[in-house]
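Common to both upcoming complexes is chain A, partnered first by chain B, then by chain C.
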Partner chain A sequence: MTTELRTGEAVAPAGGIVRSPAAAVPLRTPLVRRIPWTLLVFIVMATVPWLGSRYDTFLAAQIVIDALFAVSLNLLLGTTGLVSFGHVAYFGVGAYVCGILMKTYGVPFVIAFPAAGLGAALFALVSGYFCVRLIKLYFAMLTLAFSQIVWAICYKWNSVTGGDQGVPEIPYPHLHWMLSLPGCGDLSIGDRFYLLALVLVAVSLAVVHRIVRSPFGRVLTTVRDNPERAAFLGINVRAYQLASFVVAGGFAGLAGALYGIFSRGVFADYVFWSKSAEVIIMAILGGMEFFWGPPVGAAALVWLNQAITDYTQYWPFVLGTILLILLFVFPGGIVGGLVAGFRLIQRVGRRRLSPRHA
Partner chain B sequence: MLEVQELRKSFAGFVAVGGVSLTVETGQIAAVIGPNGAGKSTLFNLITGHLQPDSGAVRLDGRDITGAAPHRIVRMGVGRSFQRTNIFPKLTVFENIQAAFLVHHGRGLNFWARSEALYRTETAALLYSIGLDGQENTIAGTLSYGNQKQLELGLALASDPRVLLLDEPTAGMSATETHETIRLLERIAGERSLTLLFTEHDMEVVFSIAQKIAVLHQGRIIADGTPEAVRNDAEVRRVYLGHREEQRA
Partner chain C sequence: MSGSLVFSQFMGGLTTAMFLFLIASGLSLVFGVMRVINFAHGSFYMLGAYLAWQAVQWVQPSGGGFWLAAIFAAVAVGLLGAVVERFLFRYLYGRDELYQLLFTYALVLILGDAAKFLWGVGQLSVSAPPLLSGSVQILGTTQPLYSLFIVVIGPAIAFFGWYALNHTGVGRMVRAAQMDREMLDALGANVGTIYTGMFVFSAFLAGLSGALVTPIESIVPGMDVLIIVQAFIVVVIGGMGSFWGTFWGSVIYGEVLSFGILIFPGFSLFSVFVLMAVILIVRPWGLFGKPL
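Moving on, here comes the complex of A and B:
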């Protein structure tokens, strides 16, 4: 069933199998492609503090931060073909670095935020050096082991991480200047931080998007598809896997830094392994073959989580069922399903048109 | 010039390659033949760095490349294709070849350029020369078997090798595809003055393009010379060619 759906989605009516928009759409760019979707989504997200409730802003912030976290994971999962079960470690390192710098040392956010990314990337360099020496399940297990080490350190190193008390009451960045912007006079500090996070995440996503489409990103896809062949192109496979691991770790660290401030504190719980599983679910649910899959998955999971918890305490059970159904019906995730549906409509539409053209 | 000297490799006591010496002159088309399990693929894997030899040496134009990592050997000018088709199945045909160019030109660590704009002309020219023009946007994994083999040859050629090793380039192909592939190989080897070393089961293919043939049997070379000499070699007829004819009869 899975394979049928996948081929069905890729086969174009002309007999050839095409992917480029120009070949798939002979007449003109369809309306759906001309809409600047990313800009639209950004604008909608930016209006949440004004149009939505306080709780909506809270959910939106969570979605935005998780979106960056999931995209950073997908650099490994979807682009490089590495299944990391310990991605939360880098999220956590970022959260602690930013939180400790701001709370304990009074470092301003403009320095603490990039420092969180660098710290996480540095830790990814050290742990990744060992992880990329293993393959597949062994790689996954080692990433999990490193994340549990990080968790244990966060939990026990009282003098620095606060142990089981964590690092509470991390100050917000200075965002008074935002109040003087037109229309922003009434925004609470939470709203203002949400807007800051939205902009930082948008910029980060743009950078990751650029990296995925760069020559480096292309090389990563060859490593994903066929590491043995990639080596015979002259690619140092481990070095590229490590580079990908470091970049992914760095962006996870940035997401963690935002999350620590958003939730007003950093606690050892954030680094627990179940969060790694959650972010994998986000990427798969949204569609790891697509850049926008993981953010969509993040939004879906956050929304589902709150919608279902309203009705039942058996949220994990319901989530599991939903995931099972979704993955059977749409093996390419939500975005994969949408793309397949859109192509189907297009094909039917073109078949209807063709007699008139002939 | 590719020189292999007294190369040995055993796996848990089984001698796969037992002291093989072989020289392929620059611009020569040479074939290694031998029955299944004779050690052909192991020999290739030893030359390209996929396996580490127990002893012996591999030299490329006098330079010792024995046991270097595969990606280093490629950068020194040794390309290869595989017995089992080995491409990047989820990428398009264009992306496959273009990735090879990106790596060959050392652009792999460029995090910022837009990759789709790079090496378009080179990629198009190479696709044309291997007969895959017009299939740029096809997902490589959905190509016909013969086309995948052509694409794999393209991947090896993109790194502009001086020496090309092909492991059964026509395995699994129809008669027509085989014929086309041989013509293609001959033309490309001529155009690029490549040193070509290949293994092959199909004796017709071997005797139609090889200028030199080495016969491998149980990990050792039992004959090495011109196609004529090898065809008339008594030992070869006994262990290999004759054996095959008997099988057919």
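Moving on, here comes the complex of A and C:
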């Protein structure tokens, strides 16, 4: 077990499961890989309003939104290798744009939602232009500075952002049409919004997945693993980093827009820097080397949070301890641990089957 | 703008600046020597404040009680720093920045909750020592003696630090460790002890500044995350790892904040973050630092 978070050569292709040369040409696709996991998870999540309590739906909505936020961060962290300590700025910009448009100007959700993504992407373009010029710690510091600038604006610009009062009571989108669908007649507005959020997040995740697996995404991993070599191959490293930054910012903005409606208001607290640390923890907890790591991390964190706050108010203490253990013992996160365990079983099984040992 | 108003803003800014210098100098020192950016530095400051309050409850602040409490808090935080460095920070040297930031952030979470557990979530305060509780008239403004004391102690510590770093044997070792750890190690110096010593000194300064701030600001949970961002700004402006840079960075921060309130009320916080961003964009290594 390596204790390095990232060990240079030994990094997995972003969003993918590492395949050893032997596993790359399996005799037949293993059973686990033939099950359409994503579809199953989607179906299970979609039944929560019918099968679960109102509180379950509340938790599921939080998980779904956090999952999108964490995946957008991981586009920088895991895929491009940029450590942003201010990703919450774009989440916040999206939340405020959508909230203000819907509450103050009465703009419908159909327009406010994409506008939130565009607004956040635009801000990411401007701030990212400067950030990608810096390396390592300086990059992290500048992203932190930009996010604190957003926080200061949200906190003090009373006439637009409501200052420390925030933007309360953002209306729900019009979802009456859902009631006429079969079986949906008695869903509450919260349930209906959850289903809408689930579908929007699923589509967004599919798009991000597509981006990560595209040639563009492959260039991003090249830039992560060896920027010098990438530059030598004629790749404009900064342009690719900036593109990644903008896409990540845009999707964070979409997550923020959903979160503002979900929590019935947007407040300056959402943009404080410690939230950026929280989303990084989600990505690391799940495993930033895997596409499905951050969503798993988001689910684990939301679930742990509610399970632990039943017993003690000292959730940050528990979170800090988990984080320390994670960094020391399981740097690959939950998914990394599962994959390692699964490969161990596979190796043992193959050794038993191979003729030399028979 | 009258002269006395300018002077009183200037003095207010200078008081803020000298506090920040006491805190940020430790942060900058640890970064300069060990290349670790320590989020938990703000937590040391917070613990210093709580411990000073605790000590004042034991010995009443009459006479020398406050000073005893401040020394006790600083030494206790220094000892905590020794434990943290020996058992945890050891594993951070040379790791990439994500690992360091998250690791020290975990300490922020743990220490923050430990303080809540021990001292509750209410506001606590300590009264200024009797000797310094008065005020004096300067240029038509009323200056609390305690602020003047802070304005004097800041440069005194800066001078002491500069002298120790540049004109003593220990300082020479520290500068060598900053430049080339492996070479110093190969020459037979005990780099591990130097690192521990630096870390303890930095925690001591944080604890001391936390204790000294108690007569001016009330002690509340969350003061750790608020101060650490300010300390980051100071260190970024002056240049990470640069000693005088941290001093002048503090002065610039304090005065921009102080006059910013006068010129654009409500947006002074905004102006210091913009200053941080501009410095990072134009000169990432800070006004007084050297490029890495």
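The rule is simple: the second predicted complex is superposed on the first by the 329 of 358 C-alpha atoms of A that agree within 3 Å, B and C clash if a C-alpha of one lies under 4 Å from a C-alpha of the other, contacts with A are read in each partner's own complex, and residues count from 1 in each chain.
As a convention for this text, a residue touches a chain if its C-beta (ideal position, glycine included) is under 8 Å from a C-beta of that chain, and two chains touch if they have at least 3 such contacts.
Everything numeric in this text was worked out from a predicted model, so none of it was measured.
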Point to revise | Overlay on chain A: chain C relative to chain B, clash or fit | key: fit
Check your understanding: Which holds for A:215: it touches chain B only (first), chain C only (second), both, or neither?
Key -> first
Exercise for review: Examine A:225 and indicate which partner it touches, taking first as chain B and second as chain C; both and neither are also allowed.
Suggested key: first
Practice item. Applying the touch criterion given at the start, work out whether A:243 contacts chain B, chain C, both or neither, answering first, second, both or neither. Key: first
Point to revise | Superposed model, angle subtended at chain A by chain C and chain B (C-alpha, nearest 10 degrees) | key: 80
Practice item. Quick one: classify A:233 as touching chain B (first), chain C (second), both or neither. Key: first
Exercise for review: May I ask you to decide whether A:124 touches chain B, chain C, both, or neither, giving the answer as first, second, both or neither?
Suggested key: neither
Exercise for review: Identify the partner contact of A:335: answer first if only chain B is touched, second if only chain C is, both if each is, neither if none is.
Suggested key: neither
Review point. First (chain B), second (chain C), both or neither: which does A:141 touch?
Key: second
Review point. Minimum Cα separation, chain B versus chain C, post-superposition (Å)?
Key: 14
Study note, to complete from the structure: Listed in rising order, the residues of chain A that touch chain B in the complex are 7, 10, 16-20, 23, 210-211, 213-219, 221-222, 224-226, 228-237, 240, 243, 247
Revision key, fill the gap. As the complex stands, chain B meets chain A at residues 48, 69-71, 74-75, 79-80, 82, 86-92, 95-96, 98-100, 102-104, 107-116, 118, 135, 137-139, 142, 155-156, 158-159
**Study point:** In the complex, chain A residues that touch chain C
**Key:** 4-6, 77, 83, 85, 130, 133-134, 136-138, 140-142, 144-146, 148-149, 152-153, 155-156, 273-274, 277, 280-281, 284, 314, 316-317, 319-321, 323-324, 327-328
Check your understanding: What residues of chain C sit close enough to touch chain A in their complex?
Key -> 37, 88, 91, 95-99, 101-103, 105-110, 112-114, 116-117, 225, 229, 232-233, 236, 240, 266-267, 269-270, 273-274, 276-277, 280-281, 284
